[in-house]
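Here chain A shows up in two complexes: once beside chain B, once beside chain C.
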Partner chain A sequence: MTKTISARQLSLIAFISVFSLKLTVLPSLFYSKVGIDAIFSLFIIMAFDFLELLLIFHVLKKNQDISFYQFLSNKVGKYFAKLILLLIFIYYFFKMLLLCSGGYNYASLAIFKEAPRHLFLFILLVSSCSLYLFKSRSYARTIEFFYPIVATMFVLFVGIALFTAPLQDIRPLLTTPAQNIFESSFMFSVLGGNYLFMLLFMGKIKFGKNPNRSVFGHVVFAWALLMVFYIIDYSIFKYTAVAHPHAISEIIQYLPLPSILGNFDWIAVSFMLVLFVLQGGLFIYCMCYSLNKVFEVKEVEKMGAVSKVVLVFVNLLLLLFIYVVFPTFSDLRTFAFNGLFVPILSSVVMLVPIICFFFELFNSKKRTKVAPSLKSTEEFVEAENQKILSLKVRKDEETI
Partner chain B sequence: MKKLFNFLKNHPIYCLIIVICVVFLPGAIIAKPQTESKLIIRALGIDKAGDEYQVSAIAFLPKASQSFQENYKIVEGKGRTLYDAVSAAAKETGKDIGLAHTGIVFVNDEICQEGLVEAIDFLVRDYSLGNDTYVVYVPESTKELVEAAHNLAMSSGIHLGDVAGYDERKVVHGESNIESIYDSAYSPSKCSLMTVMEMSEEEGIEPGGGQSAGGTGEEQSGGGGEQEQKPQKKILNEEKILILKEGKKALILEPEQTKKYKWTKSSNFADALTLENYSDKNFKNATLSLSVSSNNVSQRLSFKNGKPIFTFLIKPKLSIVEVNQDNLDDDIFIDVSKFETEKLKTTINNKIKNEVYDFIQTFVDANTDINMIYEKFNAEKTSQFQSFLAGLENKENFLSEIKFYVEVDCKIE
Partner chain C sequence: MVFSEVEKLKKQLNCSMDVVVREVSCGGREINLIFIKSMIDENFFISGILSPIMDFGSRQSKISSGRPFTIDNLLDEVLKTMEVKKISKEEAENELASNKVLLFLEGEDDVLSIDIVKFPVRLPAEPPTSAVLKGPREGFVEDIKTNISLLRRRFSSDKLAIKELKIGRASQTKVAIAYISNIADKKLVRQVQKRLEKIDIDGIIDSYYLVSFLQNNKSSMFKQVGSSEKPDIVASKLLEGRVAILVDNTPIVLTVPFIYVEDLQNSNDYYSLSNYASYVRVIRILGLIFAVLVPGTYISLRLYHYSIVPINFLITISNATVAIPLTPFLEIVFILVLFEILYEVSLRLPSYLGLATSVVGALILGDTGVKAGLISPPGVMIIAISIIAVYTIPDQVDQINLLRAAFIILGGALGIFGVIAGVIFVIAYLNSIDNFGAAYLAPYSPRISQDLKDGVVKSNITKMKLRPKSIHTKNKVRLKNDEDN
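Moving on, here comes the complex of A and B:
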């Protein structure tokens, strides 16, 4: 299978995937549920994500030459594989919906109050779809280009906030019952699952030497920055965090910077817009990949047309939900974070890496019991035929 | 044409660029600058009379001129709600409200008596106005102060927003802005501090310009008697602090009390201490002025028999800057290090201690937790403090059940 992205590029995508709405509306939503103990709710999501990353990484390294769809098909059969991918599609669909709606909610206040929603959606969807259309290699290179800018902006922001903001003591902590903390982690679980996308890149990753350091290093860096951000937010707005739904901009507006330096809000706004587009590209990729596999056709030449139809369908569905089903962000927020459908869906989808890990574990045990050597020429020929067949199927995968 | 079509088909990015240009460029070219549609308000004064809000604002109006002078105008509006009043003020100029550059908000006494948090709800919800905007208490009319602030800015370039920033750093030693007012509503201490500015006929800074007295050379109508001259009121900023409790006015610290309050706050800003009729081997009935170059304050929290004990640990660094004494001799200027005697240190320590105890009595009597005693105990000794509160008949009066001590250890440089 053609390797289109390196382990380093994968780690940079993992870094970018952590942020966006966690820097705007999530701090205030979390605070409204559990107060300052929201830091622990975030930590629970983070810890679970990290555990998932370990499992996903193991599965990826053991299956470097097949795609995720092939992997699932081999383990659970074609139809269950399609069902799992359909669930993944719905999961990423809601993530994209939150990104579009929440992103507009942020951008309209931070940039232009009069800017219409279709302006923002046009920018976001066109950019995100372009990233998908130009394939995974281009997407990974785009992330590589923007990563130093994004990381520097965020580190600069955190540094300025830490050294200039009027920080208050956030103690006492753990005053909320543990049940509430876990419950809020569950209700906001759709904003977790940040590394699930790696499964969809299965077979395309060139691991190289020591990929663990790169991937885990960037992941830990991202989460550390995020935790520091939350601590800063709750330290500045200790009692009123719920009234600050655009955390990153409100923090930077609140910093007592000298008048000669002016308003540094442009750091926050630029940073967030770049994140929205890059994350949007990732979500569109995951949605389109999943749906392509659900509606897979055998003829290779038709696959290209199918993928374009899927892309258009995804965009139309997004617009339908944004304009008709959830016309305001508060409607979507209520459905996603106060209802049960989205958290349950997220929890089910997050079980997928765990199931894949156990499949892989079971498979490796089975492999060690049977001697790999072939006893006859017929068996050798049969094995070679299987290889050729799988190579043909893999070639179909590369059109996506 | 076919070549172009093939080129675009092979390079779809150019199609994207063309689409973006077609969609966005026309709108961007004909778009008006926001200064034409938004009224940039730099300072806002809010008065409440009965059920009606009256707003007066200093608006910046961009105007082409050959000098570098900024053009400000006062606009006024009235309304049933604060939003109505501000909108009415903006409508006078044919623009929409723009609060992004509002640096200071003045509020009058009636608003603070009734409840400041509810009154400024619109200002909190408005995203463009940062919650770090200074809020200043004006005992009488904010309209008068806004007009004076406008005249002051035009005549001398002094902006009251800068003065409020100074007060926040060096008088309140904390925050005196929209966010801190919300602390008074939602924090356990339920207290916050605000700077105070007022108009005075005797003291303060003259605004200059605008509503000056009858005018030299102008004749007054109604008789050839002496001219009726209305003395121009001055803007007085004399280190008073308004204490809010649960968003309402609770206490005003006069300048003398503010000085005592400052001893309980760490700072690196110069302040002053005066010793009168001081005598030791170096001085005889001298009045000494000492400059406090820094003040390091920490606290020790403990419990004894279930009762909390709060100890202020104050470590100021001082230096003698003025000596008023009869019969000064040369020695007084030669070796200043000998001035640091145990007696002088003890005198300073005792003076500071007395002032701080006096201040503690003030805030305990008023039941205003200015120093966030509740939060400090709750952060460090949560379970013990909560047990103590649970055992009280009236949890609101917890301050009177706390024992306060003050330890001062000064250093003379």
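Moving on, here comes the complex of A and C:
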């Protein structure tokens, strides 16, 4: 049986992928660049993400039987396909680095007051890797299981904050030049690109009835919650938002709640930790998928071994970067959000869906032209053989 | 005179003391009857077999037509009303081992195998683990024939199919596969039959022996095969498209495929208001969460994250634990181990000593431990809640106990993040289980809207028009013409 995931599960992964660091460190970072207009920077990231989602979804629906690597190989050849996947690997590598460091930064303040960093990393990496090892279908189902819990908790949090927080007027808006707003969106682009992962699930998705409604519905819901969260954050802290790097936990401490509920921090803590692990699993999947394809082996027996070696390598590389290259979160933050390497890399990677879309568009035009000539039996048999071959390769990939 | 083949048979059965040979002279011909005394109805043997044969013998002597009677005469005239079959001498050993009475007639090549098996059988009574307030009170027993009849009573149509197998080289245990022919997926039935036929073991003592052979992941701590002692539950599972496996000598009937939500359901739910059933199911879920997560979370909060605890609770807990010499982790482990010891002891002690155990356990160990300042009241309460909550889902006791221990270690070593990561790991693992094509955590992951009607929230039976989608079935429609009802 082919292990596929449903469109609903895909949309829930998309929902989960929107959050985590955007709820902790990003509000204050954005504010430090463009003040209250950070909302517009976020809006730009969101708009770009939506555009990408539209393009990615179109490509996915048109290529339901082949993997992303096969798709790229068919369009640009093997070597370019590997190069693109390598770029995607580096992009997700930085995302994972930010998750590890930023996550620990949040956890150390919110919950792990005395716990060392290796403890946090151990839990995050082991659980993320196990999610990857349980394969994509199990991962998707796990997201499906936790979605109602995470969504309810976040809605509860937003609801409580909206009705109890001492909100202030955040106007005047648009006081920063438009160039700065765009620039800040570019600098934080590594925190965008939330739906790029969908490409890596290409060929494993079973589109049922009305997949668009499910995917776009959940994505709109996620961004709406995020936008409300940012507005709440800025309207509570206003000019001091820059000094609150753990927005979600710090908002709660400002809420006048009955003492029986304590500081209600456990809501934020619980769903943030769930989000860290689930996103970690996604990033590990994306990294390993990309690297597996870069070092692709043809022998089916060796695929499993290569996959495990890649997983170990990815983890060692992450640890090396966390402990040696960027020993503190501020080091990584400076490199990722103030330097140019990560934003440029992110921008390049975000072009991939656009390129894929144009390939697909070009190809579909070509297909409509070619189709009538596919009349001879030989051509038909050839096309069918190609189809069977692609299905076989896909099945082999499933065994990884 | 004992025939040589009868002598040989007795030897083949190790000349066991309960293998008896009766020699009868009948109408001038010698008859040998061989049987296992402990496994037949002795009264019936005398009145139903021996007496008629002797009567037949005396009649034959009076007629004295000169033509000797044959084994077919015995079959047609004497043992006509009984369960008898003619077998060859080669088959005799197996038949004797199956507790049949064998009749050898001098000079005949064939043998008569007469079935008058009788052994101690318990009457169908309410199983202690599945007591109900309303609904049928009968339970399966150790005899497979009785169990099949209990199932048959619930299906008076021709749709109930039962296939019989014999498993175990030495035990030759009877195993029956039951399913509803127009509902169960043929592929599933074939798969189950194939797996059972492949088993080459010396003996099957209980149905639990088959569980490992039926599940994909042999070393998994999570059960992948359903079990029940109640015919009404098994019948309802058959109607959902499952396959039941009945094993002789055990009252536990297995069902496949198994999904986790089955253990949250109870037969009481189907014999009471659906709203009440939903309420009770929510309580069971809470019970499961309390049983598995409360001790681990308590330890992690006390060790690492006391700031999350609301101040009122924190003050109470701090006051109660301030003088305890053990760390929170050791304290909880100590209380848990103490309880597990008491539990093991109480299971094996005679019932008249049970009271003494509870007095020693609850009063002396618990109360004195708290008064002596070795253990704290919150610690005792946490473990007590956890232990009691386990029994909201009695079919999951083993798994919950193991998970609780794992989460205590995770909470103690890694804090709340360890507990949360552990929960995610367990859920991901359960999602990876492929159980005869059914998703283990269905209908929640993957979400199957139709099956949610019998999930944590139970709908009215009139709303459940279709069979569960999580199990492949031939025929999806359960309720027709709802408008008429």
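We take it that the second predicted complex is superposed on the first by the 388 of 400 C-alpha atoms of A that agree within 3 Å, B and C clash if a C-alpha of one lies under 4 Å from a C-alpha of the other, contacts with A are read in each partner's own complex, and residues count from 1 in each chain.
Please note the rule applied: contacts are C-beta pairs under 8 Å (C-beta built on N, C-alpha and C of every residue); 3 or more make two chains touch, one makes a residue touch a chain.
Computed from a prediction, not measured in an experiment: that's the story for all the values here.
K.L.:
Quick check for you: in the superposed arrangement, does A:A243 touch first (chain B), second (chain C), both or neither?
P.N.:
It touches chain B, and chain C stays clear.
K.L.:
A:I44 contacts which: chain B (first), chain C (second), both, neither?
P.N.:
So A:I44 meets neither chain B nor chain C here.
K.L.:
Just to be sure I read the superposition right, which of the two partners does A:P256 touch: chain B = first, chain C = second, or both, or neither?
P.N.:
Only chain B is touched by A:P256; chain C is not.
K.L.:
Which partner chains sit in contact with A:L109 here, chain B, chain C, both or neither? Use first/second/both/neither.
P.N.:
first
K.L.:
Quick one: classify A:D169 as touching chain B (first), chain C (second), both or neither.
P.N.:
After superposition on chain A, A:D169 lies in contact with chain B alone.
K.L.:
Is A:S130 in contact with chain B, with chain C, with both, or with neither (first, second, both, neither)?
P.N.:
After superposition on chain A, A:S130 lies in contact with both partners, chain B and chain C.
K.L.:
Where does A:S138 make contact in the superposed view: on chain B (first), on chain C (second), on both, or on neither?
P.N.:
The answer is second: A:S138 touches chain C but not chain B.
K.L.:
In the superposed model, which partner reaches more residues of chain A, chain B or chain C?
P.N.:
Looking at chain B versus chain C, the one contacting more residues of chain A is C.
K.L.:
Can you give me the overlap between the chain B contact set and the chain C contact set on chain A?
P.N.:
Correct list for chain A: 113, 122, 126, 130.
K.L.:
Help me check something: in the complex, which residues belonging to chain C touch chain A?
P.N.:
For this pair, the touching residues of chain C are 304-305, 307-314, 414-418, 420-421, 424-425, 427-429, 431-432, 437, 439, 441, 444-447.
K.L.:
Can you tell me which positions in chain B touch chain A when the two form their complex?
P.N.:
Touching chain A from chain B are residues 12-13, 16, 19-20, 23, 124, 127-128, 130-132, 175, 179, 182-183, 186-187, 375-376, 378-380, 382.
K.L.:
In their complex, what parts of chain A are in touch with chain B?
P.N.:
So the residues of chain A in touch with chain B come to 109-110, 113, 122, 126, 130, 133, 166, 169, 171-172, 175, 237-240, 243-244, 246, 250, 253-254, 256.
K.L.:
What part of chain A is in contact with chain C in the complex they form?
P.N.:
Where chain A meets chain C, its residues are 1, 6, 8-9, 107, 111-115, 119-120, 122-124, 126-127, 130-131, 134-135, 137-139, 141-142, 144-146, 259-263, 265-266, 269-270, 273-274, 277-278, 281.
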